[in-house]
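By written order: A, B, C and D. Residues from 1 in each chain.
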Amino acid sequence: MILEFEKPVRELEARIAELHRLAGPNAELQEEISRLEDALDAAKRRIYSNLTPYQRVQVARHPDRPDFDRYRDALADDFYELSGDRLGADDPAVRGGLAKIGSRSVVLLGHEKGDDVNSRVKSNFGMAHPEGYRKAGRLYDLAERLELPIVSLIDTPGAAPARAAEERGQAWAISADLMALARVPVPVVAVVIGEGGSGGALAMCLADHVVMLENSYLSVIAPEACASIIFRDEKRAPEAAEAMKITARDLLAHGIADEVLPEPLGGAHNEPEAAVEAVVRAIEGTLSKLSRLGPESLVKNRYERYRRIGTHVTEGEMAGTRGPGE
Amino acid sequence: MRCARRSIARSARRRGAEIRNWLHKRREYSRSASEAPDTESGLASTNGVFTKCEGCGQPIYEKELKARFNVCPHCQFHYPLPAPERVRLLADEGSFSERDAGMTAGDPLGFEDYREKLESAHEKTGLDDAILSGVARIGGHPVALAAMDFRFIGGSMGSVVGERITRTVEAAHDGGLPLVIVSASGGARMYEGIYSLMQMAKTSVALSRYMTGSSPYVSVLTDPTFGGVTASFGTAADVVIAEPGARIGFAGARVIESTTKERLPEGFQTAEFQKEHGLVDRIVHRLELKDDLERFLGFLT
Amino acid sequence: MILEFEKPVRELEARIAELHRLAGPNAELQEEISRLEDALDAAKRRIYSNLTPYQRVQVARHPDRPDFDRYRDALADDFYELSGDRLGADDPAVRGGLAKIGSRSVVLLGHEKGDDVNSRVKSNFGMAHPEGYRKAGRLYDLAERLELPIVSLIDTPGAAPARAAEERGQAWAISADLMALARVPVPVVAVVIGEGGSGGALAMCLADHVVMLENSYLSVIAPEACASIIFRDEKRAPEAAEAMKITARDLLAHGIADEVLPEPLGGAHNEPEAAVEAVVRAIEGTLSKLSRLGPESLVKNRYERYRRIGTHVTEGEMAGTRGPGE
Amino acid sequence: MRCARRSIARSARRRGAEIRNWLHKRREYSRSASEAPDTESGLASTNGVFTKCEGCGQPIYEKELKARFNVCPHCQFHYPLPAPERVRLLADEGSFSERDAGMTAGDPLGFEDYREKLESAHEKTGLDDAILSGVARIGGHPVALAAMDFRFIGGSMGSVVGERITRTVEAAHDGGLPLVIVSASGGARMYEGIYSLMQMAKTSVALSRYMTGSSPYVSVLTDPTFGGVTASFGTAADVVIAEPGARIGFAGARVIESTTKERLPEGFQTAEFQKEHGLVDRIVHRLELKDDLERFLGFLT
């Protein structure tokens, strides 16, 4: 898939390839190629270093973007998958199990978006149903029982706007996850690897440390939906994405994210190994830091971290514009 | 279609405080907050007039409606209730002591029109945001009490709602008090972007800590309660009470219909539907709500 | 409904009534009436004091037997009912809520069998589905949180042999209830008021004190099913009931029940007030005793209570024929 | 019909240890223990003979079958596995130390035929009851281990099974050991009446206490596991593993069909069905089971 703003790059790349094919030893063409390559390089830098928020959303949604499987394989020598909510269903949109990251065992979970039509439909494009939240909740309980840290990889457009999800109480299920994450006495590390849509994402990223990939986003609502509601025009999604401050760097600036991992030029899908490697290092580093804290400190710090987030004004004084970061 | 309905609603509003107005907005209601109706400050503001009930079509004295806390005397239809009225309904007379008055919303993202929205909501409701909170007594039992107000930007949860809920939970925690929260919310306040989402996390850490104690938490869900409120403090209660006919859920019916093209069944997401689905404990008539809370609190003292 | 073995009594009663109608001041008939009344009294005592185990099962199943509603009304001035498993369903076969018994608040729950065709079908004749066990589990959690004793009134033929119940994991749900009751740090009092069928009953009566009404039963399997399996003949249910030792007095003798409450002559349905009154007194007395124990003692005693039950033989020595009673 | 099938099974048994025999009984299987097949002591007891697989119809060397722990080399059909074989499959060589050997069933109710049943089961299996238990190492990890045996009165749970499970759980609790229990059970042992039911309570109090610690519990469910075992310790595990095709549930399919007159779907209550329904974590081939447990235990040391 070629994103709209990538077209100039892709066209240049195609022309260069064509010229290479034609050129042979022709010195003049070699020069032309060289010129074009410089232009390509410049174009790439220009385009990719100045992605608008909405362009980043598109990168975050890129079908070739490294997914749960990819990170899991890189993170863990062994992944011992667990299934089901123990209540009557197993949600393919949420994956989880035990994993060893470095020398540390953790409970690893994340969203599954699927990688072909069938698996995408099966996993509901990464939108969990209540059974997915309850599966996550079960894994949080397991982590508490076995005293293992929780590592979650977030990549979901959000909660499922679906009749069945409402009938089985998705709001109740999300709420239960938040309550569980708030009190679980083990380290919780969340990495937003792609989309971080609304309550569906939050049910996995109420954490001690929130890492975001440069082109991932975290938002209370999809930019398209926001635009359609506030501006009465879905096409104004780019504006909404801009206005809502949903990119990794925005969230870092606002103190909601703790760490932003730069992506390879053009996005993680252009050079997955580098992105994956950065995530692995960030998780290992964070786990190592958090492992020094006892259960009470972890829960207390987590409390304080979220307690601070808000932009209310008291007695004419701004009280808490900043989030949990220092 | 939507726009047509909206402009009808707008002109109706100009014509006076008709219940029809509420109802139009009810129908239009979606999970999104800003689209949700910014309701009138009170049905009974125009004095002594008859109005026609949208529930049963019968005429109601607006004075009587106000005396019945916006419940139709004929068909018991529950219209939204402003937070100050809710407090008057529940708190023992003179017992309510507001906390955190004067806390107002920042505009962290400098979002288009947000300032204006806030100002007009303040003017309309006299409130600082979509919530009133403090401590009170209910049937003699001291409680921490918060009530949301749907008229204020659709009861959307921004930093003020999140902060005042959190402080109410903390007051209950510190004072060993039972906690009662009455919700009415279209969902997140998009104008505050990520800060709005994070109020779910903030209220949840506070509530999760409160729940490690042994004082009870009762959540009362009124029409409508959706989005982030339902998916955080609204449902994580010991007892979840809903008002008759209240629509409760995460995603609103219209969003679901437009996404899935599926026709939803009659009564979808009503309090009765959610009770049938094991998600709500009790459906309590508004005029019996105080009594019901007194009964509950009576078990725990 | 007249049970088979009650027929002689009912016939005598009818004859006496008829004679009364005819007698007027006739002295001779008065004498005859008096004689018959003596006979009736003797017949009642003979029949009702010597009910076979299977006849007791029939009494336990009698449609007019006092049910959850009846006991609830007598036990509690106020009953604050709660619904639902918070997961997507509310099982009408299980009722529960807060109640005040004497001056004590408790979590009261029990089985609903229904009292007409519609409500019987709706409540599945008192056989819970997984959502019923999960509703009970939720109430156990609530009791723990609010530090209230649990009082349960058991009256179920057993778990539901139904496809839907299996699909939603009834075994898992029962198991979760047992695990919860085993550790809940509040007093747990169970009263078998009618039928106590298999795991369905056990999910509510793993308790600190088990009270049984004289004609209630508690059994690993319905006598009919046992007969059909072991004797290959359902009609041998009376034998199976006898062999399995399922009556209240048997269970008291084997130390499984702690207390048996005598029923009015002919069974609780003949004089509900008396039966209900006995249950109320038993519960109040037990709660009063248990309230003196702290959470640790309660859980420890409960552990020991069940730990002892078994009839294995070790090294040629009977090790634990007796149950938890002393 | 039932009787006809049973007598066929009986004569087949006389003709030799045919797998067909197992399968007849598989089909006949119900939740009730005594009706469940008392299976042969081992498929491979008659030496060097071919037998025909009921799963795929292909011939199998019985020796090969035994070497593969009763898994068909062609279609991977998993036949029941005697407890001693299960221990041999899972425990590191020479590491298993049996506990509570020699514990036998009392006959608390003097139930018709129970003594005879026990004796013939003992003769057939060489076991004292439907369970082997003790401590062992799996891939070097010390564990408390129990394995049930379906051949012993249908793997029914009476006082001995309950007591040995409980002691195994207690050994794990006291020693801070991981706990592994392999179940195979038709349900309750009716001959022990209420004592059978109470084993659910006994094992549950022990397990509930164990779970307050931080050592893991893995439950392995094999064909068939029903009734009281599934509704107590069988499912209350951190990880629930099932063997392929194993039938798992509370009430057996036949009981449900005869009660509700409903035709059950293909594959009802199989391991795969239960995984689909979120009740089982993993389906693991028997010949990979030891490795799978080693992997799991490796995360926790």
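Everything that follows uses one rule, which is that contacts are C-beta pairs under 8 Å (C-beta built on N, C-alpha and C of every residue); 3 or more make two chains touch, one makes a residue touch a chain.
What you see is a predicted model, and the numbers here were worked out from it, not measured in a lab.
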{"item": "Pair joined by more contacting C-beta pairs (A-D or A-B)", "value": "A-B"}
{"item": "Whole-Å separation of chain centres (CA-atom averages), chain A against chain C", "value": "54"}
{"item": "Inter-centroid spacing, chain D versus chain A (mean Cα positions, whole Å)", "value": "44"}
{"item": "Whole-Å gap separating chain A and chain B, where each centre is the average of the chain's CA atoms", "value": "32"}
{"item": "Touching two or more other chains - residue numbers and ranges from chain C", "value": "86-88, 167-169, 172"}
{"item": "Sites on chain D at which at least two other chains make contact", "value": "211, 235, 277-279"}
{"item": "Category of the chain touch graph - line, ring, star, complete, other", "value": "other"}
{"item": "Which pairs of chains touch, using the document's own definition", "value": "A-B, A-C, A-D, B-C, C-D"}
{"item": "In the complex, chain D residues that touch chain C", "value": "3, 30, 32, 34-35, 100, 102-109, 111-113, 158-160, 162-163, 166, 188, 190-202, 204-209, 211-212, 227-228, 230-236, 248-251, 255-256, 259-260, 262, 264, 268-269, 274, 277-279"}
{"item": "Interface residues, chain A side, partner chain B - complex", "value": "159-163, 165-172, 174-176, 178-183, 198-199, 202, 206, 218-221, 225-226, 229-230, 232, 243-246, 250-251, 254, 256, 302-303, 306-307, 309-315, 318-321, 323"}
{"item": "Complex contacts: residues of chain A adjacent to chain D", "value": "78, 80-91, 98-100, 105, 131, 135, 142, 145-148"}
{"item": "For the chain A and chain C complex, residues of the former touching the latter", "value": "86-88, 130, 134, 167-169, 172"}
{"item": "Chain C-facing residues of chain B, complex", "value": "211, 214, 216, 235, 238-239, 275-282, 295-296, 298-300"}
